[in-house]
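Both complexes shown next keep subunit A, but they swap its partner, so subunit B is in the first and subunit C is in the second.
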Partner chain A sequence: MSTTAAEPQYKVLIGMEIHVQLATKSKMFTGAANGFGGEPNSQVDPVILGLPGVLPVVNKRAVEMAMMVGLALNCQIASQTKWDRKSYYYPDLPKNYQISQYDQPLCGPGSIELPLSDGSTKTVRIRRAHLEEDAGKLLHEAGMTDSLVDLNRAGTPLLEIVTEPDLSSPEEARLFGEELRRICRYLGVSHGIMQQGHMRFEPNINLHIYHNGKTVKTAITEVKNLNSFRSVERACGYEIQRQLTEFFANPEAAVSQGKSTRGWDDDKGMTLLQREKEEAHDYRYFPDPDLVPLHVDSGWVNDIRSGVVELPIARRKRYQEKLGLTAKEAFSLTEEREVADLFDRAAALGAPARRLTNLFLGPAAKMANEAASAEAATVLISDLPVTDKQYAKLAELIESGGISATSAVTVFEYLVKNLDADPAEAARTLGLVQVRDQSQTEAWVMQALTGNPQAVSDYKNNPKKKQASLGFLRGAVMKASQGKADPKLVGEILEARLNALAADGA
Partner chain B sequence: MINELSALEVRNKIASGELTAQAAAQASLSAITQSDQHLHAYNAVFADRAMEKAQTIDQSKAAGKPQGLLAGVPIAIKDNLCTTFGATTCSSKMLQNFHSPYDATVVKKLEQAGAVILGKTNLDEFAMGSSTENSAFGPTRNPWNTRCVPGGSSGGSAAATAARLCAASLGSDTGGSIRQPASLCGIVGLKPTYGLVSRYGLVAFASSLDQIGPMTRTVEDAALLLQVIAGHDPLDSTSWPEPVPDYLSDLDKPLQGVRIGLPAEFSGAGIEPEVSGAVAKAVEFYRSQGATVVPVNLPHTKYGIAAYYVIAPAEASSNLSRYDGVHYGHRTARPENLFDLYAASRAEGFGPEVQRRIMLGTYALSSGYYDAYYLRALRVRQLIKQDFDRAFEKCDFIACPTSPTVAFELGAKSGDPLQMYLCDVFTVTCNIAGIPGMNIPCGFSQAGLPIGLQILGPTFSEQRMLRLARMYEKNHDWHTRKPSPPQA
Partner chain C sequence: MADTLNETQVRHVARLSRLKLSDNDVPRLSKQISSILDYVAQLQEANVDGLEPMAHPLPLHSVMREDAISESLTVQQVLANAPGKAGAFFTVPKVLDAGMGGG
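Presenting the complex of A and B:
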């Protein structure tokens, strides 16, 4: 970590500001369609254009989505909230003020228990979350002296979430961002497509350095507009090193300067000081007289609360504690809500969790992965045409010994290709119904033994290779049976035969 | 003489077949052609469109279709109401060539009711002023004396209505901009309760104070126009969601036992004796009709102008920040950079009064001054509201002058903004409190200039307020007097 000879003692403090675009049908303050893209300036109306005489009207659904996120982050929902104008001139902001929430945010203090990579959790406090409208975009095309303005994004509902500086490493900053994305996707309030700017991150970073017997705080830097988790982690890492280096180069200067704003250059992998505006920022906030304060009664909050689904953190915990899955399995299954929901529905039909997990993370994950193509960059397990009932039946079939785990892979592939097929029938059609006939299994064992004399010899004479050759031979038996043999029976007969051979001497 | 008819009479005569909408429109258009060169009440006249609309009304009537409340009535609207026809200029160079892609809600309502919109009337730039001298396109003159101002900011609508260049008109009122020009031009002007009429499509000056209202020659017409334009609009979050009462059916029933409050603060220094005399006579009339006259106190009135000139410019500075030369409106010819584009476009596009108010408002909202100015003004606003609440426990309506003076000559006050601001001394508190207020003609000065009585009432008291005004109108003939045709 350190760039100096003596290992410096310091603490990292990172607070995050996250802008989440809410996936409402219409924009924050008007009925124009939300969901930019398409021809520039095609998703606009007089309100978005800031024409003379227009008035904003609050999108109730955006308020509800913001409440959902607030509740998921255990925030207090304000009983009354209001709208304020934040003034600044820029060509992507047609009114030259942004409607935001200044001193009465919809969501007050909250916190989440963020799971860390070592299996522990960390409390991350949320300071506030408020609603506002997004700005448009400026396009600077090569060879043109003028800039072009595209207002398709203008007016998109934005939820700005602000955390306390509780994150202590670049990795924690990334994990928080990823968890927040999952939460938003679970709640259906955002598609969370980072490349499209659905979420933008602004970490605020500084260090508490123990220097000459004192704790010294470096000046806070805010890194603007990061739109990938990787850049969040890298930018935070860069800033920590930069602040450390600058501190030890000139301790006084590094501390006395005020908060600064930096941009992230992804190619160079470094942050750059952004040009400070000529005059100090004065946003001249005041209550928007075109909008009335919003009263949020407890009935409304409860209605919204009842619509908040079980979130990924809680679901992972349940999978581990109640279903006995590993942390990694629980994490994989809960990454996407649709997959976890499918899993839960299949489990609710009585399917054993272990078999189900193996099906999901084995053949299903593999086939989903293979199905991804240029048109569909990601195919989820839940996108495969296999229903909860089919999963449940297939898992039961494995559990009861009706088919082997190996055969289950083949049956699963069959189910994907043959809509609505019954797993048991599929197993019969494929000839994969497990055979537990003693003499037939003996025959397969003998076939494997005679076909693999070297392995038999290793088993008998080479203690180092004994286990490996047993495993090899077991596989050979299953292969001889085309996967139909009962593994348990195979094991018993195989070991009995080998031990008999060994006792005979060679 | 068609142009002498009230809006209600025009409507009724068209309905009965005595008159056609085309004849009514033609009569107004001819009068405009004849007289408006001397008055400059209109910024734009849509003669062809008006005749087509009138023809449509006549055809629809001939086909036996049901007709709206204003079928065939020629109406003028203030040029700060957005229309898809013609420009919406706000009498500003900034919006000289701005064409709105949508119609204001009141414009839609007027046309749905069958009104024939003749044209758009002059105003003080962005409705900021009390004389219509702040128009980028030149002042409007008072039909009673063309050396005098018509008042403002809805001076064009007032002059057009008084001079019979339309049957009735719409204005907007932020601090008196309907009532004061109505007073100076001798017509009826009603500023409704905040929220009664949708502001969607009214180019905003001060959003928490602006209201659109009727400017008419009779109280009946004010009731008729209000009936058409009032009502909830889902596009305006501040619009009142309750149903609109019937303003017309009981209009002729006198109010019994009404209590009229006389505020001590609305008398004394600064009021011309002829004005106070005429207002006193009007109050006497009500007493003779059985009204009780009670003294009331509005102790914070003296802070009204000060609070108004913080709140209104503060909101204006924000509302007008969109006129930046980037997306629409005036843009400077050769900007050197973005800042220059903003600064030069705005310096060229806005007149001095608009610039003054933007600077005042920006200052009042600035960090370090917000508490001392804007927040303090909001506290005064609360106190003024409380004054009215308490006064309306003692009385049903308040009577006072609308303007301390009759119409003054052009140029008399334009060099002194403070003198001009004091024109609104009796009208601003009504906007600050959000209550309705109306002007009715109550006499003439020796010099032949109109004097107006202002009636203020509690929120949503328009129905009874109109009845009170109608009581006076039925027994007086000021409203039937007519200015002689203007000459150069």
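Presenting the complex of A and C:
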């Protein structure tokens, strides 16, 4: 191993804390509406204000949603848990404490198989996940001496998920965040709209550097409140470089300082040390006397478990192993649950998976993208007005040779524009029913050969271009037939003709 | 006898609770709070061998509500007792140290 200073040997350790706002109807401990927007301070009741004499009562749905996520992350669900007060004085929480779970989290250790970009997976251990309530929002308007307080967000159910430091690159940190978002959306516990703060990330980063024959650990930094995947990846990347630079500038100082908290400046692309008073972390946790403990029996856990849908991880695996799709195809199809559900329904109707996949990731994805850019909004394949039955019929039509894959694209576009159209009828209307007539196909082949003498010559005389010319001429035949020719028959006749020509020319 | 909560600790706790104490308050409160703590410390003498730690004295657990929306206060009611307001917002003096942001 080389020990040049220019190429330090080090390992990156990233653990994540993620806050997920749960999409319940009402708040964590009271019936005030839980939702984004609305007039400031319009989703506030006496419990949120912390008025004297009020009592918080646990939202059962929030507990169940937290259990669903816990089960999806293979966490142990605690049989007994309780609620604690985390004291801090700040105007975003009028009670002066946040109700949280300190030493008895609802969800204990777990793990997930994180898909990586090379198609492999990596085990990421989950340390815990617990329920708590969100704080209100402070707005600092320029030119105003005071800050504005909006308590609509206060009391929103929050699930805080903490991982072990098993992520070893900025990309893995981002991928983990994205996978967790997918899981939460599949489970229906969060809409996962990042711009609205539905998920917030706090990576904890440090390095194990191999230096002068031993491994030294840099001090951990926590980057607060990142609300986009891009900022997670960039902030982690910045921190790694900063810790490396500071370590080699002053190895002793970089190791001996304690854990610190940093903020991310997205415009400058850098993290900044947040000055905090030492006592800021003296939260004086104690059990909340307003709330009784929560017991979770195995019957309840099993009920919730039976309601957990097939998750993206399992679905990708099934698509690859049972349907023979590539990792990339399986990944694309399972990105959104609605799309994967539509795919599964069409496949259940007997549609061949290969044809179905090509339809989904070909014309359907293209039209959804076009609609998305036209409307400047998210449009999923499942938002297109094409039903599972139409997909199934169209896929079978291709499989049986009724139409070519090229024509299927045109038929698909027709289906999007003509609600409830029958794919076979659409193919007839569009004149795209595949022609398998020998003499008609021969005529199209001859038309392509006479129209492309250079390609014919390349096929005959240039071995390097032989395959490319064949592909080109096959395309020319399909074009001459306006997509109606049977590709298999075209291939046979084309090669026979070309080989005859080559033999003549030789 | 040494105070259970010494003067430094009194100042620390006051600061955490955003209470302003005069220098005269501190020794007095240190004695008073210490005597309260000493009194409560008698609980330490109770024999609790073989008992599970309790998070709550009531013989109740798992009290929950269904996820249903009940009416909020009007914005006017919410702000009725506020020392400072602007439009539909509360106003507070600018605070510089970081809040929790739900963290």
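Heads up, the rule we're going with is that the second predicted complex is superposed on the first by the 489 of 506 C-alpha atoms of A that agree within 3 Å, B and C clash if a C-alpha of one lies under 4 Å from a C-alpha of the other, contacts with A are read in each partner's own complex, and residues count from 1 in each chain.
Note that a contact is a pair of C-beta atoms (placed from the backbone, for glycine too) under 8 Å apart; a residue touches a chain by one contact, two chains touch by 3 or more.
Quick caveat: nothing in here was measured; it's all calculated off a predicted structure.
Within the superposed three-chain model, A:Lys214 lies out of touch with both subunit B and subunit C [touch as defined at top]. In the superposed model, A:Lys328 makes contact with neither subunit B nor subunit C. Of the two partner chains, subunit B is the only one that A:Lys95 touches; subunit C does not reach it. Ranking subunit B and subunit C by residues of subunit A touched puts C first.
By the touch criterion defined above, A:Ala32 reaches subunit C but does not reach subunit B. Shared-chain residue A:Gln274: touches subunit C; no touch with subunit B. Judged by the touch definition given at the top, the superposed model places A:Arg200 against subunit C, while subunit B stays out of reach.
Subunit A uses residues 46, 49, 57-58, 87, 89, 91, 149, 282, 284, 289, 291-292 to touch subunit B in one structure and subunit C in the other. Against subunit C, in their complex, subunit A makes its touches with residues 17, 19, 24-26, 30-33, 39-46, 49, 57-63, 82, 87-93, 98, 104, 132-135, 138-140, 145-151, 153, 156, 158, 200, 202, 224-225, 261, 263, 274-277, 279-280, 282, 284, 287, 289, 291-295. If you check the complex, the residues on subunit B that touch subunit A are 81-82, 88, 90, 95, 98, 100-102, 104, 199-204, 206-208, 234-238, 314-315, 318, 321-322, 324, 326-328, 338, 342, 362, 365-367, 370, 374.
The residues of subunit A lying in touch with subunit B in their complex are 46, 49-58, 85, 87, 89, 91, 94-97, 149, 282, 284, 286, 289-292.
Across the interface of their complex, subunit A is touched by residues 12, 15-18, 55-56, 58, 60-73, 75, 78-79, 84, 86-95, 97-103 of subunit C.
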